[in-house]
Structures are given as C-alpha cells and as structure tokens.
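Chain naming follows the written order as A, B, C and D, and within any one chain the residues start at number 1.
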Amino acid sequence: MKTTKTKYELWKQKARVIIYGTNTPAGRLFDIIILFLIMLSILIVMLESVEEIDQKYHEILLISEWVITLIFTAEYILRIITIKKSWTYIFSFYGIIDLIAILPMYLSYFFTGTHVLATIRSLRLLRVFRIMKLMRFIGEASQLKTALKASRTKIAVFLYTVLIISVVIGSLMFIIEGEENGFTSIPRSIYWTIVTLTTVGYGDIAPQTELGQFIAILIMILGYGIIAVPTGIVTVEYARSKRRTRENEQTDPVVRKNMCSQCNTENHIAGARYCHHCGSPLDNTEQLF
Amino acid sequence: MKTTKTKYELWKQKARVIIYGTNTPAGRLFDIIILFLIMLSILIVMLESVEEIDQKYHEILLISEWVITLIFTAEYILRIITIKKSWTYIFSFYGIIDLIAILPMYLSYFFTGTHVLATIRSLRLLRVFRIMKLMRFIGEASQLKTALKASRTKIAVFLYTVLIISVVIGSLMFIIEGEENGFTSIPRSIYWTIVTLTTVGYGDIAPQTELGQFIAILIMILGYGIIAVPTGIVTVEYARSKRRTRENEQTDPVVRKNMCSQCNTENHIAGARYCHHCGSPLDNTEQLF
Amino acid sequence: MKTTKTKYELWKQKARVIIYGTNTPAGRLFDIIILFLIMLSILIVMLESVEEIDQKYHEILLISEWVITLIFTAEYILRIITIKKSWTYIFSFYGIIDLIAILPMYLSYFFTGTHVLATIRSLRLLRVFRIMKLMRFIGEASQLKTALKASRTKIAVFLYTVLIISVVIGSLMFIIEGEENGFTSIPRSIYWTIVTLTTVGYGDIAPQTELGQFIAILIMILGYGIIAVPTGIVTVEYARSKRRTRENEQTDPVVRKNMCSQCNTENHIAGARYCHHCGSPLDNTEQLF
Amino acid sequence: MKTTKTKYELWKQKARVIIYGTNTPAGRLFDIIILFLIMLSILIVMLESVEEIDQKYHEILLISEWVITLIFTAEYILRIITIKKSWTYIFSFYGIIDLIAILPMYLSYFFTGTHVLATIRSLRLLRVFRIMKLMRFIGEASQLKTALKASRTKIAVFLYTVLIISVVIGSLMFIIEGEENGFTSIPRSIYWTIVTLTTVGYGDIAPQTELGQFIAILIMILGYGIIAVPTGIVTVEYARSKRRTRENEQTDPVVRKNMCSQCNTENHIAGARYCHHCGSPLDNTEQLF
C-alpha cells in the first residue's frame, strides 16, 4: 500500500526521524541542542528580570533572545511540515507549547510602537513558559502516573476535607484573634490556617492571644499528622501498580508504547520496525531521560 | 403491609427521592443547586469580612444572604416533612448542621434591636459552618476510614508521647532562654516547641543563646524524624484494610451500604430496588463525588 | 512454699493490687485519680510561669501545689512498702520519676532561707517532669517499638549523614554569606542549615546573596526529598514487625507480658491467675490506654 | 607464591592490620583515636569561627590544631607506606579526603607572609571537610543504597517536574506581586516558590496581594501533597530491595564484601582468613557502626 516516495517525501521522512525520533545520532543531537537552547533561553529571561544585569547587558540579551526565537520558529515550522497529520500536532499539547514559546517575542515586537510598556513586559515574561518544552524530554514514569491516577479521588476527598477544616478554623481564628493581631479578614485567616496546616509557617501573621496559640498548636499537630494520609495513599497505590506491572510482564508479550508518527497508532510490539497499522517505518523513539 | 398511599404520600415519596437521592436527574440537579448555594454563601461570608468590600456592597451581600437563608430553610423543612423518621433526621449530624446553617441569620435579625453588635457579628460569622453541609457530598472512602480507625490508638500514643516531649522540652527552654528572649512563660515555650517540632517554624520566637539553639537543633531533627511514625502506621494500616477489602470482594456477594430512607436499614444487595426490610423503594443513592 | 500471711501482709497485698494493678474497680479509680492529679499539677506549674497569673493567685497555686505534693509523697511511700522488692522499684525508671516528682518542692522549701532565688525557681520548675509519670499509662505499642528498634541503626546512619552534610554546607554558607548577613559563626551557620534542611524555616537568619540563596534552594530540595528515607525505613520495618506478630499469633500459644509484682517474672500464659514462678496471685494488669 | 617476608615487611603487615582493620584490639583503638581526633578537630574549627572565643583562646586552638594536623599527617603517610597499592589509595576517595584534611594547615602556613588574609581564612575553614573522614566509619546500609539507586530516575523525574513548576509559578508571582512586595526578580521569585513548596517558609518574602496569597495557598497544598511522591517511591523500592535480600540470603552462600588490602579483591566467603586471589591474610575488617 506504500506509495513511491518523491525526493521531498524522502527528505521529510528523514527530517521527521531526526526531529521526532531520538534513537539516531542526529536525532539525539537535535534533542540535545533544543534542550540546551531551552535552558539558555530560560536563563536569559531570568537574567533580564534582574534590573542591574538588564541595564548592563540589555543588547546582548536581546540579540541572543532573537536568535533563539528564530531557531525555535524554524523548529516549529519543521515540526509542522514533516509530520503527516499537521493539524493534530498544531492542536496537541506540545504543539501549543511550541507556539507559546515563540509568540511573545513577535507580539512584543509589534506592540513596541504603542505605549503599553507593562503589557510588553508581561508578554516578554511569558517566554518563561518555554520551560514546558522540557516536558517532552521527561520519561513516562507510567507506574507513578497510574498510582497517582488511582489515588486521585482519595486525594481529592482528602484535600476537600482539608479545605473544610481550613475554612472553619480560619473563621474561628478571625473571631478569636481579630484585626488587631493581623487576622484582618476571613480569607486572610484561611491563608494563615493553610500556612500553618501545611507546616510552611511564614510567620508574617502569628497568633498573639493564648486561645489563638492553643488553636494554632492543634492545627500544627493536625497538619503534622494528616500528612500521613496522602503519603499512605500514594505509597499503597504505587506498590500496587508496580506489582501489577510486574505480573503483566510475566504473562503478556512486551509491548512498546511508541506512537507511529504517521498514523498515531500506539502499542507496537518490542523491536517492531514498521507500524503494524500503516506500514511506515517506526522511529523507535526512546525517551532521553 | 404497605398502606395504599394518598396523593400527599406519593408527593412526599417523590420529593424524598429528589432530596435524599442522587441517581435521578432531578435529584442530581437538586444536589448541584445546593452545592452551588453553599459555596456562594461561604463566598458571601468571606467577602463580608473584608471591610472595604463590605462597605461598598453591604446591601447586595445582605439581600443575597437572606435569599440563600430562605432557600436553606425551605430545604430544611422539606427534609423534615418528606422523611418518615423526622426526629431521627433532626437529631442526626446532618440535621443539626442544616439547622446551624440557617439559625444565625434569624438570631442576628432578632438581636438587631439590642446593642450587642459584637455578638451579632460573631453570630453572623457562624454561618461559615454551612461549609459542613458539604460533608454530605464527600464519598465514603471507607478503606481510608477503616485504616484511620485501626491506626487510632497507635496515633493517640504517638501524639501523647509528642505532648510529653513538648512539655518537658518547653519547660527546659523556658529556663534556658528566659523571658528576655521571648520565652515569657511555659505555655509560650511549649507553643514554640510544637511550632519547631512540627517543622512549622514561624520565627516569631527563636532561640538566641547557644544552648537554646543546640536544643532547637535536637528538636528539629527529632520532629523531622518522628513524622515517619504516623506515616508508617497509616500506610501499613491502609495497605492492610485495602487487602482485606479485596479479599472480601472475591468471596462475599457485593453488598450496597445504601440506607433505606424509610427504615434506616443498611446493607442492601447490589441492584436491589426495594428495601429488604420494609419493602419501600430504594433511592439507590450514589455519592456525587 | 507460701507463708501464712499476717493481717499486715494481707493489707499490703490488697494495697498492691490497687496501686500496681488496673483491673479492679479500686485499682482503676486509683489510676484515674493519679492521672488527674498529674495533669492538674502540670497545669499549676504552667500557670505559675505566667507572671500575671502568678501574682494574682500565688497563694492558691502554692497551697494546691503542696496538697498534690503530699498526695504524691503518700503514693511514693505506699509503692515502696507494698511491693516486695522495694529497692528494685526505687532504682527503677518509674521509681526515680516518682521521686523527682516530689523532691523539688521539699528542696525549694529548705532552700527558701538562702538568697539563691534563681536556683529555687529552676528547682520548682523541675516539677514539670512529673509529666513523665504519665508514661506509666502509655500502652505497650510493642509492634511500633520493635519496628523502631529494628530501624535504629539505619536511622542512626541517616542522621549521621545529615549531620555531615549540615557541617559541610554550614561551613560553606559561613564563607559565602559571612557575618554581615547573620551567619556570624560556623555553629550558627550549621544551626541555620538544619533549620532549612528540616523544613522548619524560622526566617531569623536568611541568605541574602544570590549564591547563598541558590545553595539554600539545594538544601531545601534535599531536605524535602530525604525525609522519604526515615519514613520508608519505619514503614517497611513496621509492616514487617506487624506481619511477624500475626504469624506468631497463629502458631505460638498466646503469652502475656504481665510482670509478677512479687518476683518480677514476666511472660505469663493468657488467663493465668497465679505467677508460674513464685505462685503469688497475678494482678492481670491491663494498660489504661 | 608468598615471598619470605623481611622484618620491615612484617612490620608493614602488622601496621596495616591496625590501620586498615578493625577487628583487632589495636585496630579498634586506632579507629577510636582517629574518630575522637576528627571530632575534636571539627570542634576547634567551629570554636575558631566564634570571634569572642577565637580572641581569648587563639594560642591554645592554634597549637591543638597543629598537633592534630601532625597526627593526621602521620596517619596519611602510614596509610601510604603500609598498603601495597599506594597509588590506588592516594587517588581513592578516602585518600583524597585524608590529604584535604591536612593540606589547608600547611598551605595557610606558607601563605602567612602574603597579605591575602581572606584567602588564608577560607583555606583554614576548609579543614571542616575533615568531617568527611568520618564517612569511613559509616556502615554499608546496602539495602538502603540499593533502594535509593533504584529510585534514582523516578526521583529525578520528580525533581525535574518540581523545578518546572517552580520556574512557571515563580515567574507568575513576579508578575503578580512585583518588586514592591519583595519579588524583585525571577530568580528571587523562584527562590520564594521553592521556600514555599518545600514547606520551609522563612517569611523573609511573603505575598501581599490577594491573588498572590491565593496562589501561595495552591503552592503550599501542592507541596504538602507531593511530598507523598518521593516517600512512596523510596518506601516501595526499599521494601522490594529488602525482600530480595532476604530471598537471596535463603539460597546463596553467605558472602563477605571485605576487600583484600593487598589485591583489592572483594567478595570473600564468610569466615575466610586468607584472600582467595592472592593468598595474603585478610583483616576481616568489620565496620565500626
């Protein structure tokens, strides 16, 4: 069913293996360059936010920023044209992240004429979201994901209970301590309750009355104790998902989760070199981490 | 033994299914409306406590508050008249919560004439306990409950030990640091000890002497280490209660815990549509969460 | 081999059952009274330490204090004369605690003539150690103890590693931040490092330089992560000791750990009413908690 | 294949058993002396850093310091000459640590003539790294190591995710709170985010705006919850490595990991007195802890 590929088609396929795959030397190199550029770019955004550094090296930072943006733009365009289902990529999570990584610079360029400097500044800061491009390089850690998914409802119930406790105790503290001791409103009292319950304890607000300190002690001990609940849940679920994986490995044939970059079919047999659905060659993409 | 039902009886039964049940579209809608009203109501109480907002929007907040209170009153009356064992409901946990949710507004109305403004203010704040109405929507999480119940005595012993340690070390710190460093009394020193032991660490009181700082280090490491104890207990008990549930599921017929709203009988067989004790139709109440 | 008991001997035995035992109504009452008096006594010591309260109610507190001390003295004397091996009790852990609970009051009385007020004050504060009398009422929680004992060496290695890390990083921070930012000496820097590592975070000392803040981030993440280590150890050991106990219960005859109050023999068969070693009746002492 | 040993060779072997081994009385004594000297030395470095103490006791501290340095130098030389593969020791981890333990004093002596006092001071502080000599005395805790190794990738993914979250939220807080509330730059905002996420909570920077406090609440609850993840991972891996060790112990012959001090061969059978590779006597080195 394969069509005879034109020269362009062949180039596209080669480029796709480099851009989307990681098990060829070129693909690996491509990933490492992108990884390095993301980190450099985050560093630049951070340095820009430090006033003294920005004043001194404004020019250099700006030029580096534009170079990186142009490279990321090229990467974005390449990703679109080499993949077959372009629209699937564009509206996928990573497609949107890749767009957000380049958009702020272009927008800030067009808005320079206007006087809304604050807006431009915020826009430029959005570049920090480039760090989410890094998520592509995180391995699956699928057992952990399964465990967290299985824990979801229980942890939701737990957080829900914590929230109810926080609202009730926060309101109590608002009545007991009052405005003169920094508990100026119920939302602020709830903020303090959560600061205490999670054992963060900034100390920007602290109870002054004897009764307030006594209730604070109860909240602290409660917070200190109930941290055992999510920990217990995640541990048990993780142990279970791990045991299941082991059991599955002993009975099922090993199956790879690699997605075919042509037809998005998943679950190929280990060692498979061609997609079992559309017959195009698989990248045998492995995760960097 | 069933009596031929009058029209009123039929209406009551229908209303009961809507109010107490959650597996009919109308019942589900009723729950969602109540849920929304509770949250709105909590928001109003919070906003009222922020002075600037209260001064601006006092009228709107007050009117919304009365509307919500009236709806909750209607809900309370409906719950009483539709259920057969009204008194059981009235003196049940949720019955009392439902009453507390509406009482403060009426009381604050009657006390307006007097000059005890502080009392009225506190009264009105009691409305925040409405959040406990939300507990009705929390699922059972029965394994977790079993685990926490099984851990109870051990965690009590743990907390008891923590308390003894806190009193002893708190008194020691009172002697070592003394009033000039903020340790003005033994209760205050114990407060500081628990702030440190639970790793909250406000920093409103901090040891200044070398010996005090050395003991502080010991408390911190102790607190950092012994958090492992409740965590270990809950994890092990939870794993155990989970394993038991699984074993039971394999041998026992599946049993639903739904309470019959007529005779309060529990433990109906899965899929049961009539109470096996009094024959009235079951709501097949499922939990929202 | 039993001697015919005199009237005094019989009274002693009865008193012993009440004082040392907990499974007769009188014994239980005795324990509850002592428990109440300990807590009252701790409360008095605490209230005395609050200056305003002490100035107002000095007389009442002092008289209550003397009454309680006299009761504890009577208890101490009774414990000595009713038990057969008096010296074993006197030099046992609880014997010393019982003595420390009464000594400070008598000593402070004899020292009143002298001018060393500070010493007297400290002496009187020692009464707070009475709280350790409460330890008698803590149940065995033997599985937890077994788990903690089994974890001992591993947790020691863990703490030892934490200490080495703290000294190294503390010294580094002393060089980086220096005296001008509050890191006035290495011990103080180590104090700060442990405050950070254990996630207490008072904020009385905080890094000001960029490098210092960067290292602080590393310490925090380290501290946040390595708390998993003692938790993991205790959880696994506790699960193991629990499993073992269950296995033992299925094979071994159930054995009571009750100590014979006459000959200190332990490990009596469940339900045993007489000591298998000396033949004297057992109190079948059960724990209050 | 053994050569007839000269007197010097025999002395060397004896010395080696004392210096490297711990199961002879002399070897044990040697270890305890070194342990004591390390701790004394760390204490001296700490005391020197406290200005008041340094001014009073400068002479005594300096002399003690030199005495200890000379003893450590002797130990270092003995370690080199008694072992057969001297260069292996010199470039081993402990070899380098032993050198670093003595070098700073000699260097500071030679640099005294120059005016770079700050450098000398830093140099002298490097002596604190002597504490790493203590690592020689830490037992293997091999199951824990195995567990931590097995958890490595998962914990790396976890930390990586935490980092991404911190950068994104840190940047958001920089926009929301701004310079006027202490969030002066993105790196500083990230520092605050990690202080909050790890529940350290110094309170040197705290959100002032309502939105900022709301986001702070989310971070705290997130941090409070996700601590369950590393804990779960380590617990499960530790339980697994422990189970495996137990299973291995039942099937494999017990094998000692003692390294032969002559040829560095490991894994000798329990109770072996001669190296199975080179035939030289084994020290049967056991760990102090």
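Everything below uses one rule, namely that a contact is a pair of C-beta atoms (placed from the backbone, for glycine too) under 8 Å apart; a residue touches a chain by one contact, two chains touch by 3 or more.
The structure presented is a predicted model; accordingly, all values stated were derived computationally and were not measured.
Colleague: Between copies subunit C and subunit D, are the contact residues mostly the same numbers or mostly different, with half as the line?
Modeller: Different-residue interface.
Colleague: With respect to inter-chain C-beta contacts, which pair, B-D or A-B, contains the greater number?
Modeller: Pair with the higher count of C-beta contacts: A-B.
Colleague: Centre to centre, by mean C-alpha position, how many angstrom separate subunit B and subunit D?
Modeller: About 47 Å, centre to centre.
Colleague: Where the CA atoms of subunit A average out and where those of subunit B average out, how many Å apart are those spots?
Modeller: Using C-alpha averages as centres, the distance is 33 Å.
Colleague: Touching at least two other chains at once: which residues of subunit B meet that condition?
Modeller: 187, 190, 199-203, 223, 227, 231, 233, 235, 239
Colleague: Examine which chains touch each other and state the graph shape they make (line, ring, star, complete, other).
Modeller: Complete.
Colleague: Would you mind writing out the residues of subunit A in touch with subunit B in their complex?
Modeller: 153-154, 156-157, 160-161, 164, 167-168, 171, 174-175, 184-187, 190, 196, 199-203, 206, 210, 213, 216-217, 220-221, 223-225, 227-229, 231-233, 235-236, 239-240
Colleague: With touch defined as at the start, can you tell me which subunit A residues reach subunit C in the complex?
Modeller: For subunit A paired with subunit C, touching residues are 199-203, 231, 235.
Colleague: Over in the complex, which subunit B residues touch subunit A? Could you list them?
Modeller: So the residues of subunit B in touch with subunit A come to 42, 45-46, 49-51, 122, 125, 128-129, 131-132, 134-135, 138-139, 141, 144, 147-148, 155, 159, 162, 187-188, 190-191, 194-195, 197-204, 223, 227, 230-231, 233-235, 237-239, 242, 289.
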